[in-house]
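The same chain A turns up in both complexes below, where it pairs with chain B and then with chain C.
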Partner chain A sequence: MFSLLPNAIVDGLLIGLTYGLVAAGLALIWGVMDIVNFAHGEHMLIAMYITLLTTAEFNVDPLLLLPVNIVVMFVIGYATYALIIKRVMDGPILGQVLCTFGLLLVIRYGIMYVAGPTTRTIDSFVFAGSTTIAGVSVSFPRVLTALVSIVTVAALYYILEETKVGKGIRATAQDKQAAQVLGIETDRIYAIAWGIGLAAAGVAGTMVATFFPVQPEATPVVWTISSFAAVALGGLGGILGPVAGGIVIGLVENVGSTLIDSSYRQLYVYVVLIGALLYRRETILNGVSG
Partner chain B sequence: MSGVTQYARSVADRVGLTALGSVPLRYVIPAFFLAALSIPTLETSYFFLNTAIYAFLFIGLGHAWNIIGGYAGQISLGHAVMFATGGYTTAILFNYYGVTPYVGLFVGGLLAAGVGLALGAVTFRLRYHYFSIATLAAGLGMYVVFLRWDWVGGAVGLEYSLSEIGTAFSFAFRDRTMYFYVMWAFALVTTLFVYRLHTSKLGIYLEAINADQELAENAGLSAFWYKMYAMGLSSFIAGVGGGLATQYLLYIDPQTTLELIQNVEFVLIAVIGGLGTVLGPIVGALIYIPTREYTRTLLGGTHTGLDWVVFGTVLVLLSIYKPDGLISRRPVIGGRSNSADPEPDGGRKDE
Partner chain C sequence: MSDENVDRRLSRRKYLQASAAVTAVGAAGCLGSGSEDTGSGGSTASGDETLTIGALHPLSGDAAEMGARFQDVVDAGVQAINQGASDLAPLAGADGEGLPGQDGAIVEVLWADHQGSSDVARSEAESMVLDDGVDILTGCYYSGATEVVSQVAQREGVPHVCGTAIGEGLTERDLEWFWQVPPHTGVKGESMFSFAADMNDQYDAGLETAAIIHQDGTFGTEVANSMERVIEESDFELALDRISYSAQSVNSLSTEIRNMEEADTDIVVHAANVRDALIMLNDMQTEEYYPEMMLTPGSAYLDPSVLSEDVSEHVFSGSDFSNDMYEVHPPMGAYNEYSESATGTAFDGNSIYAWGEFFTAVAAAENAESLSSDDLKDSLDTMSLDEYEAGLPYPVEFDDDGYNQEAFSFVVQADSGQLETVWPFEQAQDDAMTYPVPSWDER
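What follows is the complex of A and B.
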């Protein structure tokens, strides 16, 4: 049991970085406009299925779909805000929860209707395979996914800190009225935040599909709840908090599975989520900055 | 306490909760339930009766969610926990201990209320979507545990043995119309209960807490304990409903009681009909259940997912155009509305 611990830690760190990336996308949307995207895992599922179906049909490598998915998910995010979320923004909280929950159902079961309820895995991937380093088995797709996650998080950090759009997002998160007075089109900023948030999930979805079996009903909930937990741990004060939270969640899940019982791996995440929500309930929301 | 009641009422008035209402409920409810008694005599096809049975079961379950979600404004996404607790308790008591479901249903309701109170004690420390997330996690957590818990049958679940069906002791009938009358009674009792709640002090307090928790607390209401009160009542009804569902299906498993979607059905019914109203869950169940049964049958019976695409679209459209449901709130109590413009946001943006 303990001999498997190094393996669990490595796996936890690797997948945790991707949890962090997905959570950073969720936190960006959540932090800037106080809306929780219950369909975040389902949005990620779109990128997964684009990857799986395209690679199966046209025999292209998943990595080539990365830029495609970034663009597609950005557009979906932008449109989701402009067409739907914008209309429930100022309404009751119930409307907001119902709205993203409705999106969850539409996307999840829409994909299931089109692609079927079967579990899918990738056919071929250039970087498939694994090696053993110092007694720890390391899978190449997982390492590559973690690397891509790090690069994407760095890019998100750069966008938020250095670019004009990023400064607009942070300003809007801090004070919407003041941002409007200063000439920032907050509606556009919100739409861009949705675009970036979902594009981050799109990157993660593309990469994760290379080694993770995907099923429309079972897969998204894992990612949604993991990112909720990562955000609850890391707070909404920036994107690095959720990333750190994601790594913790990855470790909790994998170490818990190894030491206690692997069939309850999701349960450890649920427990951490509820605990973190209670412990951090006063301090989760602190505006968005890098 | 009457000063508090007065104040709570003025809070409810202020945010426009006391608008509308032309047909007195005391005529609508008896008329509806009396007319409904004739349903089994109209037609006895499987599809028709099955739909009617589920519709009346879900009137009660919609009421259960409406107490906590509509009146108290706490958007629980984990009500399947209490539903399953009631169902599993009834089945376990009958299968393992030979306890008749007449008792088992009641025990299941009480146990569900206990579970609901425990869940509430933890999650009512959270508000807004944080509450929703925590209850969702609780529901999914129970699903994971029950899938692998052998004593409760694991993923396969528990089944009633066929030899028991039709005996007075088992409360399981061969005749489908009997089930209709049972569900009819469940719907009637819960409707009368919520009708009573609607004009009771508790109902008014819950609406006040829903409208503006800070203001209600300043008026001396303990938001936490009134939410707990509502959660206990809601959970008891959900638990009994879960037991009744098990009695009808004659089995219970995690997939059909605890999957994410099962948490949504209660919400859908209350939201389609109208939040915080007596008629809301009735209208909601009468729209939702026939649509659900029809789309499932129409689409070949197997679970293709298209039905949920339809209901997801309905949810999105409702959230945009009618976030309070098809029926608007009826008067909390006699008085007239001071404001025609409801603002049920609960002052969230002030934080």
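What follows is the complex of A and C.
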């Protein structure tokens, strides 16, 4: 059993970084605006279907669609805030919840209407395949997804820490009224935060589609369940916390499955999550920082 | 009556109207040059009575695409009955317009989407029985949904003909209004491991150990229960305790695969949905592992969206269908051609169940004294159909528990997106089987 531990650790790191990327986008919106985007998985789905349909139709490599999806998802995020979310920002929490849940349904079933309910996979990918290094099997698409996750998280960190927009986002997250007094256009900051959050979802969706079967109803759930747990574990205090949470969840899932019993994969995650929350209850709902 | 009920009924009515229109257009468009019985296209039988069948299936979710194919083949069946399709003899009810045994009564099918939810299935079944007055319930593919619908049928005294769920325990609940047509998971398991034993006897395959891995839903758990029993009663041994995983949240099966590899498993039995079947095969490829034999109870592994993937090549499955079965069972080929010409949908490993389910219900009505519930029940209790009459390659005759004791599963192997019969060996075409299965590198 212990001989399989290196494989489990590698698998856990790879999948954990992917959870972390999804969680980073989720946490950004959640942390800045105190709105939970229940449609985050469905926003990933948009990028997945852009990737799947474009590669099938035009025989384009999925990797070339990464910048396209980043731009498209940023625009969708910006527009979603400006046209929809802004109108419920000052309303009751229930209205905000219903709003993002409504988005979930519209996107999910809109995609199903357009693309059908078929489970799809990428036909060709330049980095398809796998190899074995020191007895550990690794899938190239999963490794590449993990690397892209690291680069994306680093970019998000840089944006939040070093750019004027990032400082505006952090200032708005800490105190909206104070930010307004200082001349920050908080509505624009919110829209940009949505844009960046969904662009991160776009990166995740594009990369996950390279190795994971995609179906409109089932696929988003797989990635958002663990990512919500990653946010809860890592806290809303910034980008790095949720990413760390994602890595911990990936490791717990895989190491627990290898050493104990793979049938209880979810149990290990939630035991750790509940334990961590009991130990550090204040981690959730802190302000955004790097 | 609540607004919700009104909406639901309206929805079904609309669907029925649309189905009727599609059927009429299909008849006019596809069968204009067909048999003489349907040459007039669009005409319907003149009987006053209508056999109304309530079909409860997953039409959304993971199984939505399969549900759509169910609808297509059943639409073809409705057309064959109402327009007549005497070329399809001995198919029940196809000789002449409407049901000959019921003075030309036409057949209508009301569809409901249970979304894979037992609660939704229950409420839809109740609505179908109490509001729409269906004569027979059919469905429901998922064993969990089938269980609750059969309870509604039992309570309301309406026959429930199940041709699409294969749970072994479904007919072991002392229900008087439930009949199961296809081979259940136990019979499938017996066929699968008889095949494995025959491979040892005739090909020195050296198969000794097996592992069971399954999704944690009702279907996966029932398959695992049956397979475990079959393996324990056979000469094979379980290489390790059975492995389950969450069907909802699984995104990798690498750990499970490595555990099976380390246990030196010869045969891997996997009960899966489409998504996790693809994850399993892709992860096996990543791990550069393939057992001596990948042997599945069918379901997802018979689905065209799995078969279209290269990784599904050479998987063995228990099945009621194969693409080369028409060589051995010519009437099945005729039925398939009819379905394809009527709706554009050919049979596959799952939709053939819906076809058999529909025609078992039709045969019950055709042979009943009347369309009353009691007469339909008597007809099902005493049913004795030869092979092909219910649209299936085996006879239909129910035992006292309502299980079709004639149901039989053969074993198929995936080959270039097609399913080829490999067992019973005498039904297999020459060179149909690829064994030993080549490693990933050799493919």
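Basically, the second predicted complex is superposed on the first by the 256 of 290 C-alpha atoms of A that agree within 3 Å, B and C clash if a C-alpha of one lies under 4 Å from a C-alpha of the other, contacts with A are read in each partner's own complex, and residues count from 1 in each chain.
Convention: a contact is a pair of C-beta atoms (placed from the backbone, for glycine too) under 8 Å apart; a residue touches a chain by one contact, two chains touch by 3 or more.
All values reported here derive from a predicted model rather than from experimental measurement.
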Partner chain in contact with A:223 - chain B first, chain C second, else both or neither: second
Partner chain in contact with A:138 - chain B first, chain C second, else both or neither: second
First (chain B), second (chain C), both or neither touched by A:274: first
Which superposed partner A:60 touches (first chain B, second chain C, both, neither): neither
Chain B versus chain C as contact partner of A:36, first or second or both or neither: first
Contacts of A:98 with chain B and chain C, given as first, second, both or neither: first
First (chain B), second (chain C), both or neither touched by A:263: both
First (chain B), second (chain C), both or neither touched by A:113: first
On chain A, the residue positions that both chain B and chain C contact, one per complex: 112, 117, 217, 221, 225, 263, 266
Residue ranges of chain A touching chain C (in the complex, touch as defined): 1, 3-4, 7-8, 11, 15, 112, 116-121, 130, 132, 137-139, 142, 211-213, 215, 217-219, 221-223, 225-226, 254, 257-258, 261-263, 265-266
Contacting residues of chain A [partner chain B, same complex]: 34, 36, 38, 84, 87-88, 91-99, 101-110, 112-113, 117, 216-217, 221, 225, 228, 232, 263-264, 266-267, 270-271, 273-274, 277-278, 281, 284
Chain C residues touching chain A - in the complex, by the definition given at the top: 60-62, 64-65, 68, 216, 241, 243-246, 248-252, 254-256, 258-259, 262, 274-275, 278-279, 282-283, 285-288, 305, 309
Footprint of chain A on chain B - complex, ascending: 69, 73, 75, 77, 122-123, 125-126, 128-130, 132-134, 136-138, 140-141, 144-145, 148, 259-261, 264, 267, 271, 275, 303-309, 311-320, 323-324, 344-346, 348
